[in-house]
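Paired with chain B in one complex and with chain C in the other, chain A is shared by the two complexes that follow.
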Partner chain A sequence: MTEQTQTQKTDMAPPLLAPWCQAHFDTQQSNLNGLSGGAFSAVRQEAFKKFLELGFPQAHLLEDWKYTSLKEMARTDFSMSSEIEVSSELKKIFKDFTDFDAYHNFCFLNGSFVSELNTEQEIPAGITLCTIREALHSEDKELKKRFEDSIGKVAVTDANALVALNTGLLQDGIYLHVPKDTKLPKPVRILFAASGSKMATVSFPRVLVVMEPGASASVVQEFCSLGTEVTFSNVVSEFIVSDNAKFENTIIQEEGSDRYHFNHVAVQQGATSYFKNATFSFGGKIVRNEIAPTLNGSGSDTHMFGLSVLNGDQHVDNFTVLDHAVPSCESNEQYKGIYDDKSKGVFSGTIIVREDAQKTNAIQSNQGLLLSDTASLSTKPQLKIWADDVKCTHGATVGQIDKDALFYLQSRGIKKREAMGLLIRAFAGDITREVSQEGLRSYLEDAITEKLSQ
Partner chain B sequence: MSNDTETLEQFTGKEYKYGFTTDIEADSLPPGLSEDTIRQLSEIKQEPEYMLEWRLKAYRKWLTMKEPDWAFVDYPPINYQGISYYSAPKKEAQYQSLDEVDPKLLDTYNKLGIPLEEQKKLAGVAVDAVFDSVSIATTYKDELEKHGVIFCSISEAVRKYPELVKKYLGSVVPYTDNYFATLNSAVFSDGTFVYIPKNVKCPLELSTYFRINAQNTGQFERTLIIADEGSSVSYLEGCTAPMRDENQLHAAVVELVAHRDAQIKYSTIQNWYPGDDEGKGGIYNFVTKRGLCEGENSKISWTQVETGSSITWKYPSCILKGDHSVGEFYSVALTNRKQQADTGTKMIHIGKNTKSTIISKGVSAGNGQNSYRGLVKVLKSAEGARNFSQCDSMLMSDRCGAHTFPYIEVDNPTAQVEHEATTSKIGEDQIFYCNQRGISTEDAIGMIVHGFCKEVLNELPMEFALEARQLLSISLEGSVG
Partner chain C sequence: MLRIKDLHAEIEGNKILKGLNLEIPEGEVHAIMGLNGSGKSTLASVLGGREEYEVTSGSVDFLGKDLLELEADERAREGLFLAFQYPVELPGVLISYFLRTAYNSKREHHGEKPLEVREFSKLLKEKAALLELDDALLQRSVNEGFSGGEKKRNEIFQMALLDPKLCILDETDSGLDIDALQVVANGVNTLKKEDPSKSFLVITHYQRLLNYIVPDVVHVMIDGKIVKSGDKSLALELEEKGYNWVKEELAA
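After this line comes the complex of A and B, so read on.
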């Protein structure tokens, strides 16, 4: 009985690959000339080799991909682009963020850093906040070593083909290192824009956050799309949250409804650490959000929230694996979805409680609201428990708007449409409430209202 | 705490109570599986041509299939050529009364605590006892005949009621269904056939006691129950098996068909040999059970108490095809020592306003691994479908495991689907509370476990509920870590 979340079947057909993978890898290798001898180059090559072995996940072969097919995506001829054209649209999206000045803002276009939009960053002493390219080319040997020692350590490529592909083709991203007992006062906001201006474009952004013991920080990752051609964002985030550290991550996914998006968040938590993640999915044709925290120190606390608001023929798959490896940890997981038109929601949440992880307290819930006859939802909440002194619960519900509640509101003179909006927003409110930055919360509430009015 | 641990060891280490072998000469086929074996088997059973053809079709299909590996269980590869596919007690006579039955056999049942005599007199249960593979004693036949109920071995039905068998055999579980069901279709040895005619309420609880006896014989039971329009039947199945060292494969198939307004209640107590402390020697129980709610307002209810077998792979399912049909699944699965159970149900909602309820209670002790795996699927056509699922697990030691793998697929927005699951340890404070009031630890645990499983046990017919309670006590009482 293996614990691997993705076990490729042995007698499988040849791996599903796309010709552009190899070509882009070769280009990336030559792009990073001068680094070929470095420690990271070896990681890159190893990861790409692994990807070639695994191929793109295939729905009919992998239980974990049962409901999400990448067949069409793999058939698309994607190119990688390093062109940086700062359109007025991009500028607008970049500036148009809630409490812009309250954040350290970064912008990436198709995976490359947009230096033109870089604002002067006032970063407290001791904290490293830079692009991955800067870290790799840094003169500061210590910084470079620290980076190389951490990258690829949490997001393992062994069994996850798309993480392997990201590691192999990684372009750029953000590296945040917060030293012991230090607080990063302003949250970091990273805008990843995927632009298909002339051709189908693929990008491989990466985020690495290392929180030393007692450190605290938060990050907001925003994904948007530009242009008319299809794009595929393959994003991997790695978070190392050491003992007593506190870290909060928010993902806002607003790409167009013809875009592909894969997002993997890997987390290592130390003792009495705190980690909170909230993922908001509004866009995309096929979106897969993976999150895999491992609780390695006792007394740690993990919170994971997710909300999908979908219409058209959007498809969002939330895939979570929470690993309670040590005793006395708590976790709370809540995913909700609102599905209109022909959209499809998938939720697969696994909670693993290892043999030694006594006194674990884990809660998981998944709720789906179907607004149309053609929307559908598949949910798979799973518990794998090897310890006995634990409290684990999971719940899943699928349904439509409560008719009694709707009637109640209507009987008090509230129009049906309005009443429905109220009820749906209340349903979503359980998730938005968890975002601690106030401005961001109302920004998200507005985004939900806007999406629902479409 | 140390006291508790002692009691735990005492109880989890309890010898299998029903472990003995009755020494009756068996008439067996040599081990091995080929088309010839199937021809021989079919000949021994004096089957008509159509049956042999069906078996051969299944066998040829089976050769092209692969053993499934997705279940959360671990076992060494099975040598299908090392199994004997037929074994019958030698004295194959149809007895008129129990006096004529081999006394050794009767003795076996007496040791099991379910004597036929007593059943006959007290419980009013017609017992079609299957000793290994051939039915040897059938009671209350007259009473059933009066109502037009057919209750016989499937071999008899194949000969006597070919039209019914042809129409329904494989209609719910086709011979191509899955690896083990296909194997069963090719080599099924015997089983039970029940037909309840229109608007007949079966006057008795029907019951078959299975018992694997001859060494090294896979038992491939096939059960087919048909409830015609407006009829109802309650069927009980209970199993115990003697102790032995070699793993035995049991790949049964159960098919239920409920027509308009018909009701079928199918209850199982499974207490086969679970293997020794090392997990050696237990039964592999790979069963395909499926019910089809064919007509409107039909209802199929599965209740199971699974305490035995070293490996259980079993998903009694309901296909809710008729509008307003109802499917129910109540299960207690208990794993101790090295037992592994991967069990659950499938509820496929096709008809309008179909309803299903799933209550699953898993209890793990020792090194036992207990998995619930279930699917609730609401098709586009299933307007107003309703499902409620509850899967609770109780853990009794720090080396056991409890896992849940529910799948929910909803394609209709009017459906209301709810699933909840909890996993927790047996409450130490509850035991302490009982202790305080002078209730011994083992009695307290018995009470807590019975309470935990009550929702399911209450679904069992009276006679069975008693036996189930006893079984749970034997297997579990005192198991607290």
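After this line comes the complex of A and C, so read on.
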């Protein structure tokens, strides 16, 4: 009886919406400048309709959102801003990136491309590396078609309101297309700055990467915040990694403690392809990182890593859904977190092994290190296995700094604080080690030390 | 060098050290022998500065300083070294990095400039050669996947590098075969020869180790106290007759 009432209530509950969503959509539709008839425009309208139907995910209604509430975020009156103000701070963050010249650098402010900071890009022939706006407005019909054929194909909006919202409202982003058996030698680094300089600001960046068979490339996405007002970044990345292709993605979140960040990575992998993702979260009021690779070709390899280093009231939710749809694939998933003060970590890792996906080898682990009595980690591994000849392991541990290890280091003359730092860096080392770019790796190691000394 | 007076210590309300007195002058090797549970390892932990142990009364003077007032890391930087019975594995902490941090902590403590990576690597190689330690071990994480013997050798290696004034060896011989035991003992003897002013406190259950590290004084520990002291022949006597005769002698 009680249960029935509950269900009824759920069905009847109106979707959680915010007035700014509709307003921004209307403004955007009126600004399409002749693009309203395009294929992508139809996708966006459909997506936005879907969002209105679903509303923001609500913690009390959805098991997948049990620990992460967007209520306060939805109540905030967010503006979208296309104003581009290149402050010295933004310039500095953009230029001071470690080994700047070793990357193709792009900068976005509140979702809009900052052309002023654009650098001369020497892109090997055949490779497309441009902004989404450029792709949509391109004279090159083939390029435009290729883009429109791929966008929205991997990050499906059916059941994910925030992906639908991004698709409906996305402003700009990066489109990378690497043709067959081609390698992009330099990694692409994209800085997404969220600036709340005058008012609460929302942005909808998007990244679309298409790796044709045998192609290889890597991308680094960096998120920072400027200004004093609250911001909300709703980011979606779509990666198509075709047969034998290799792609690596690194996400670095360094937004401030009062910011909201939602990040969804959707991946389709072909046969014997390789995909690696590493997400580093250093902050945010509410951060939700979703990653959902689908292994559609046998013999493919997926690696997913995550590290959260949090203090204060920060909250980072890592939500992963890995779909083994075909036989003989391997996946390795390792998420770690270091939690101080009242910070909170959430990890939910689902591994689906479909009936056909025999000889799957999937490993998942989640480890948390709590540095205070008030920090916490909620962890939920879920294996949904329909095949019988598979190897799946998962494990979760939450603990404190090992007293014996600490005493051992101190007994060699190392100060307690330094000894703790050493043990924490060692704990994080399993994840930082996975970053291929050496300079970036040491930058991250320093960022961890810096964050822990706050 | 070390003067312990009427030391009482407990852990979780269990009284373990019950009025222990011990004096180790500069350049001497002292051995403490005793049965399991006599408080030998507690003494090592208390001297090393483990926070879990509470000193309820007594005093420990180390080179003119009140040892009990110092944190574990300060004690180490002042020249105390504790070789662990069970060295801890530290996955992800590279030995070379760990040792350089420890070495430079001590240098800075004494107002010296920290050594650069290259200078330190040179020093590390020299010390490894002195103790016939395989260089390859230095590329690994601290004690991770080491055999019992390798762990103990690593302890002695650290001791050689950090150049302490007083070395406490807490049952360093436990779990070692005779070859490994000799290697460890040779290491200790080499250090002793290099710097005769170093003092050693060797805590052991068996006389065996004392064949290789010859003590100046042997102490017998029973129920949290040192009840008898003598020269190296006392160790042989204990080995031969067990501990009961000491107890009987005390009762008499």
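As a convention for this text, the second predicted complex is superposed on the first by the 443 of 454 C-alpha atoms of A that agree within 3 Å, B and C clash if a C-alpha of one lies under 4 Å from a C-alpha of the other, contacts with A are read in each partner's own complex, and residues count from 1 in each chain.
Definition applied: a contact is a pair of C-beta atoms (placed from the backbone, for glycine too) under 8 Å apart; a residue touches a chain by one contact, two chains touch by 3 or more.
Quantities reported herein were computed from a predicted structural model and do not represent experimental measurements.
Chemist: Answer with clash or fit: chain B and chain C placed together on chain A by superposition.
Modeler: In the superposition, chain B and chain C stay clear of each other.
Chemist: According to the stated criteria, A:123 is in contact with first (chain B), second (chain C), both, or neither; which is it?
Modeler: neither
Chemist: After superposition on the shared chain, which partner residues are touched by A:370: those of chain B (first), chain C (second), both, or neither?
Modeler: first
Chemist: Taking the superposition on A as described, I'd like to know which of chain B and chain C A:452 touches: first, second, both or neither.
Modeler: In the superposition, A:452 contacts neither chain B nor chain C.
Chemist: In the overlay, answer first, second, both or neither for which of chain B and chain C A:427 touches.
Modeler: In the superposed model, A:427 contacts chain C only, not chain B.
Chemist: Would you please give the vertex angle at the Cα centre of chain A, with arms pointing to the Cα centres of chain B and chain C, as a multiple of 10°?
Modeler: Value: 70 degrees, nearest 10.
Chemist: Thinking of the overlay built on chain A, is A:381 touched by chain B (first), by chain C (second), by both, or by neither?
Modeler: First partner only, chain B.
Chemist: Touch check for A:405: first (chain B), second (chain C), both, or neither?
Modeler: Once the two structures are laid over each other on A, A:405 reaches chain C alone.
Chemist: Answer with first, second, both or neither: which of chain B and chain C does A:391 touch in the superposed model?
Modeler: first
Chemist: Who touches more of chain A, chain B or chain C?
Modeler: B
Chemist: Chain B and chain C, closest CA-CA distance after overlay, in Å?
Modeler: Distance of closest C-alpha approach: 14 Å.
Chemist: What residues on chain A does chain C touch that chain B touches too?
Modeler: Dual-contact residues (chain A): none.
Chemist: Looking at the complex, which residues from chain A come into contact with chain C?
Modeler: 402-405, 407-416, 418-419, 422-423, 425-427, 429-430
Chemist: Can you tell me which positions in chain C touch chain A when the two form their complex?
Modeler: Interface residues on the chain C side: 48-52, 71-73, 75-77, 81-82, 84, 87-88, 90-93, 97-99, 101-102, 105-106, 109, 141, 158, 162.
Chemist: Okay, in this complex, where on chain B does chain A touch?
Modeler: 66, 70, 72, 74, 369, 380, 393, 395-425, 481
Chemist: Flag every residue of chain A that touches chain B in the complex, lowest number first.
Modeler: Chain A reaches chain B through residues 1, 11, 63, 355, 358, 368, 370-373, 375-400.
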